[in-house]
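So that you can tell them apart, the chains are marked A, B, C, D and E in the order they are listed, and the count of residues begins at 1 in each.
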Amino acid sequence: MTADEILAKLQASFPGLVKSEAPLKDYPTWTVPAGSVRAVFERLHSKFSFNYLDMVTATDWSGPGNPKGYPQSPAVTPAAAGAPSATAKDVFEVVYIVSALSTGMRLCLRCELPRKEAAVPSLYGIFMASDWQEREVYDMYGIKFEGHPNLKRILTQDDQQGHPLRKDYEHVADKFD
Amino acid sequence: MKNYIAFVFDASWNTLKGLWVTLKVLFLPSITVQYPTEKIVPYARFRGMLAYDAEACIACGMCVRACPSKCIALAKAAAAPVPAPVEGQPAVPPAKPKIEWYTIDYGRCNFCGLCEESCPTKPKKALWHSLDYEAIFSTRAEMVRRWKRGDDLWGTARKTADGQLAPITDQIHIQSVPVRK
Amino acid sequence: MTKHAHAPADLKADQMFINFGPQHPSTHGVLRIALTVEGEVVMKGDPDVGFLHRGMEKLFEARTYSQGLILTDRLDYISATHNNLGYCLAVEKLAGIQAPLRAQYIRVLAAELNRIASHLVFFGTFGVDMGAFTPFLYAFREREMIMDLFEMLCGGRLLHSYVRVGGVAADLPAGWTEKCREFLNFFKPMLKDYDTLLSGNPIFRSRTEGVGIIGADRAVSWGLSGPTLRGSGVSYDVRKAEPYCVYDKLNFTVPVGKNGDCLDRYYCRMKEMEQSVEIAFQCLDALAGAELNPGEVMAKGVPKMFKAPAGQAYAHVEASRGDLGFFAVSDGGFNPYRMHVRGPSFINVAILQEILVGCKIADVVAILGSLDIVLGEVDR
Amino acid sequence: MTEETIQPKVLEPVFNHANGRLLMPETRYWPTDMWKSPWSLPTYRRGAAVLAGLILGIAGVAWFIGEIGPRLAPIYTLAEQFALSYGVPAFWIAVVWTFIKGVFVLLAPALNALFAVWWERKISAHIQSRMGPMYVGWWHGALQTLADGIKLFLKEDIVPDCADKVVHWLAPVVVLIPAILVFAPVPFGKDLIYANIDIGTVYVFAVGGVSVMGIIMAGWSSGNKFSLLGGLRSAAQLVSYELPRTFAVLPVIMLAGTLNIADIAGFQAGYWGGIVPRWFIFYPVVGQVAFIVFLIASVAETNRVPFDIPEAESELVAGFNTEYSGMKFALFFLSEFAYVLLSCLLMSSFFFGGGAAPLPFLDFLPSWAWFLSKTLILMFCFLWFRWTFPRFRVDRLMDFNWKFLLPVSLLNIAAGGVLIWLLS
Amino acid sequence: MGIVLDNLSKIEALPGGGIALATSDELINWARTSSVWPLTFGLACCAIEMMAAYASRFDFERMGVFPRPTPRQADVMFVAGTVAKKMADPIIRIYKQMPEPKFVIAMGGCANCGGPFYDSYAVVKGVDKIIPVDVYLPGCPPRPEALMYAVIKLQEKMRKMTVKGGHGATPLQGTGSRKLT
């Protein structure tokens, strides 16, 4: 049951599901439309026994990092000989890696969200591992996960302004700096 | 009832075996290194406090770029004027660049050895990790040590409130202590 | 104090709200568990993390690839070599570099020695949580020998930054392999002493048997990994599932528990130490062999400040606490565009919300100790 | 990063500690070479010699001093005539004499605390293959406890504002006073006793039970949730372990026939067949079981591991004495070690025959020397338990007591009755 | 107090001012320096080296250092590890709960001035921004002997304290490095 057969089966009911052009090295990578993320995972979980959610994270593709995001000038400014503007597009990309322990197969699913009010359905019911990892992505990027029971900040301090891992995050000096 | 008795005897036997292990170690010699009187000299590769030799340094700035926490700063001395070429002798080679001053912020240094690996000076490195690990500071200003040409290996630190630079007293150099016979 | 550290509004009459606070002798660092307690029985407990959050993933974007390696030491600071190894595998996959065979054997040897040191810290602190103070000192006495080996090998006792992108920082110094064999031969019989001292003790068994039971499917759903997952009977080990370095050439078994209580998780780690000693012996024999020419430990042509070609890569290793993964995205610059760390402790500690309900305060300490979390990896 | 890069330029020795010694890289005190043949190490041999010399020296001094108990009576009569000649009424002489004895009995827990705390830290260190206090006093940290005491005396005395001030201040007092009063009927050697009252055993258990109140007061009044839990746990534990402890002593009292502790110790004089001393522990089944139950219950009474759930360090931060700083904490420490000394004194007088020598030809040593050596050996067992066992959970502790210790002690009383019927 | 103490000198009047140590000061300082009870307060990697300092090889108890879990019974606070901003309030609260005289040792680069995380948005750059610090100890993590060296230097600082000067308490100071005399 190779990854392409599964992809073919799923494309029947999810037209938006395509193989992404810049794949993760040696793992099959698909691009999922934001609306049908939960449905795809439910199908994978029930039909193809993908029962183990490795990782949930996100990347902000809006160009090189903003040096003002660091209270003091960092060792290597993020924009040093940084990305040619070709890869910059005004979009968040949520990355899931899910695997089937029985067969040992591992898949990477990505979905792109607009930067303004990014929202994606949460996987809280299917994989409990997503509970804290989604809260961390919300804390770091501000991406809303609909259906998550307590979507609150988890790592940063309570009066943290803004979401630190965004490329355009500017650090506001608080009482400790 | 029978396995209750077995459980009681098994439990008490294991308890006694545990007691025997501790008693056995009680009468074995202790492996303590009594620190202030017995001091461990670290292995050759130990990354202790940074030592800097102002003569060997060619002020290339490789260490400044290599340091992950940006704790090294240096200023290159003005190049000595090259004497006018006299056709008799061969042309005088341009003088090797010298260092004006060199500072390391020991508070921020995380002793990773990247600066030592990036130092290109041959045969002896200008910046290396000595084997000393006994150093303390009493104020924030003392953490930044400064070198000028002619200072010794451990540099000078800003000592009192008035900011005078004084030689180091609160660092014990393991390498230079003669072994007590 | 942070706002939500005070008693919740819906506290019933005979309930008490306890902050198993950020500073507590047995939270293995700075973790706060907000316990709602009725007498001794815990009604609700939700862990609050972030007290050691240093914003590592933001700093990775402001460091070159070789400088980022220094940050990975500070993630799971008890087993630093595994972090370096995971980071280097991810960057090597990104840049298409392949470490020489000798460096891979040395990497596996350093990783297994570090796994023994990390499980010794677990054994020591788990004993202190149960109230027995002596196993802590026996474990740290053996661990000091491993720290000496690492100090001789790479200069650092605890944080090594020894595994570099493309190989290893330096070759084994003279006399190192003899000292390593001396330690391994001394350590094997010591494990039986630990067994009689702690695991055989009836009081210890009564404190850990049947406490904090995690079912196999619940463990998989919560995404646990490492000995915590294998304690519940799921035999998933990255060294067997996706072998990296030379693990496919070494033969070792993966201990798996049966009913997922604290004792099974404890035994998984103790048996893993025995397996690590076997692996270390096999690596030492392979390194002593003739075909791995000494001194050749770094891949050719890898400059200190190199630009990784644009792309994304994910590599994960079996760290002592679980499946440690590095998701690296490069845009062709000197520094990574995005570096996410999948911390196994961060995911393992989330299950506390479910298994703390209904157990006693003394069990909270036992369960937290058996999960063996490190706050550097939880908060990143 | 090659080896030869290490070459310091300036070699002036900044540090030359008078007896400093540098361990070059090859000597790293690894257990592999230290434990191969311990007797070959000079420090190990010197340590063993010092220890043997110490024990023989103390035995010599004790032999030289000889019996103290009987010599006190003539001194007392001499002083009495002297005072009577001055016309001091007899009543006041008795008061002054009891006051002097009282000072010596007060000295017992104080001196014991100084010695026992230091001894526990040394024994626990050597069990864990380390050295324990070394630098404070002139020999092996002898003055460590004194330094701790003076420092605690000088610490700021914090009373948390949400604490019940009076009860918080009173708790250490209520814990310490019974710990001192309880030493009255306990013999320290042949008629070296403060008050040779007939109901010694009942008095000891009665007064010993009062300090439970102090711990509960400390737990409740500190206004700290952890100490509240510690206080409640100690209430449950101490009260429930009082029962098996008392029932364990019953067979001894049935065999000895008196409640007076000195008489119980005296009853065990003499030897069966010239070799085996007539101690209660050597009575066939009853003695051993009674001793083991009493030992376990006494460890529980003194809140020591494996029964130290009231001040469980890993669960309740520091249990009932979380909020106590400075001298009040020192008082709790003092009373804990007073109860350890009391339990050891009781055990050596109930089960090991007080001042009697273990073998007939060994009785040149005075009775108080034997009494103290048995007490020290039993105290070593307390310390040994502490650094080997983990801690019970609260409900397992209660099961262990009600389902195991108590039935065993009751059966033991029945067995004691059968033994007496057989002996008579 | 006729108690025999090692090298206890009588009133030491130093010509030309200096510190005249009355016997009571000497005794009080001797008691305070020889029983330094730290708070078991580990934050990050330096906490593991602090545990190694308490363990068998570098036995801290030789100097009378006996770790206590509750701040009420602690004299010294070893701030061992990175001070995150979310952890700043609990650290201030614990420092206030400690009885006088109390001391602080900032152990490791992170506690000195942020160390490898000097440019992070979530780290307090040095613990002396929130509580007063007596001794800074460089290293990342410092060796257990370096921690002992810091305690020895703290003891030297404590020996110069006089009861008349600060009524037996350490000087009240919000943040920054602190002079004890």
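Everything that follows uses one rule, which is that a residue touches a chain if its C-beta (ideal position, glycine included) is under 8 Å from a C-beta of that chain, and two chains touch if they have at least 3 such contacts.
Please read these numbers as outputs of a predicted model, since none were measured by experiment.
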Joint neighbours of subunit C and subunit B, given as chain labels: A, D, E
Labels of chains that are neighbours to subunit C and to subunit E: A, B, D
Which of B-D and C-D has more C-beta pairs touching across its chains: B-D
Length of the line joining the C-alpha centres of subunit A and subunit C, rounded to whole Å: 25
Between subunit D and subunit E, centroid-to-centroid distance (C-alpha), Å: 33
Rounded Å distance, subunit A centre to subunit E centre (Cα mean): 45
Sequence positions of subunit E contacting 2 or more other chains: 55-57, 59, 62, 69, 84, 86, 116, 118-122, 140, 143
Junction residues of subunit A, two or more chains touched: 69-70, 73-75, 155-158, 164
Where subunit D touches two or more other chains at once, by residue number: 1, 3, 25, 28-31, 125, 127-131, 134-135, 313, 317, 387-389
Each pair of chains that touches, named by its two labels: A-B, A-C, A-E, B-C, B-D, B-E, C-D, C-E, D-E
Subunit B residues within the subunit E interface of the complex: 30-36, 39-40, 42, 49, 68-70, 105-112, 133-140, 142-143, 170, 172
Residues of subunit E defined as touching subunit C within the complex: 40-45, 47-49, 51-52, 55-57, 69, 81-82, 84, 86-87, 89-90, 93-94, 116-117, 119-123, 140-141, 143
Of all residues in subunit E, those that touch subunit D in their complex: 3, 5-6, 27-28, 30-32, 34-35, 55-57, 59, 61-64, 66, 68-70, 72-73, 75, 97, 99-101, 168-169
Contact set on subunit C toward subunit B in their complex: 63, 66-68, 70-71, 73, 134, 138, 141, 144, 148, 151-156, 161, 169-170, 173, 193, 196-198, 200-202, 304-305
In the complex, subunit B residues that touch subunit C: 10-11, 14-15, 17-18, 20-22, 25, 31, 42-47, 65-68, 110-114, 117-118, 129
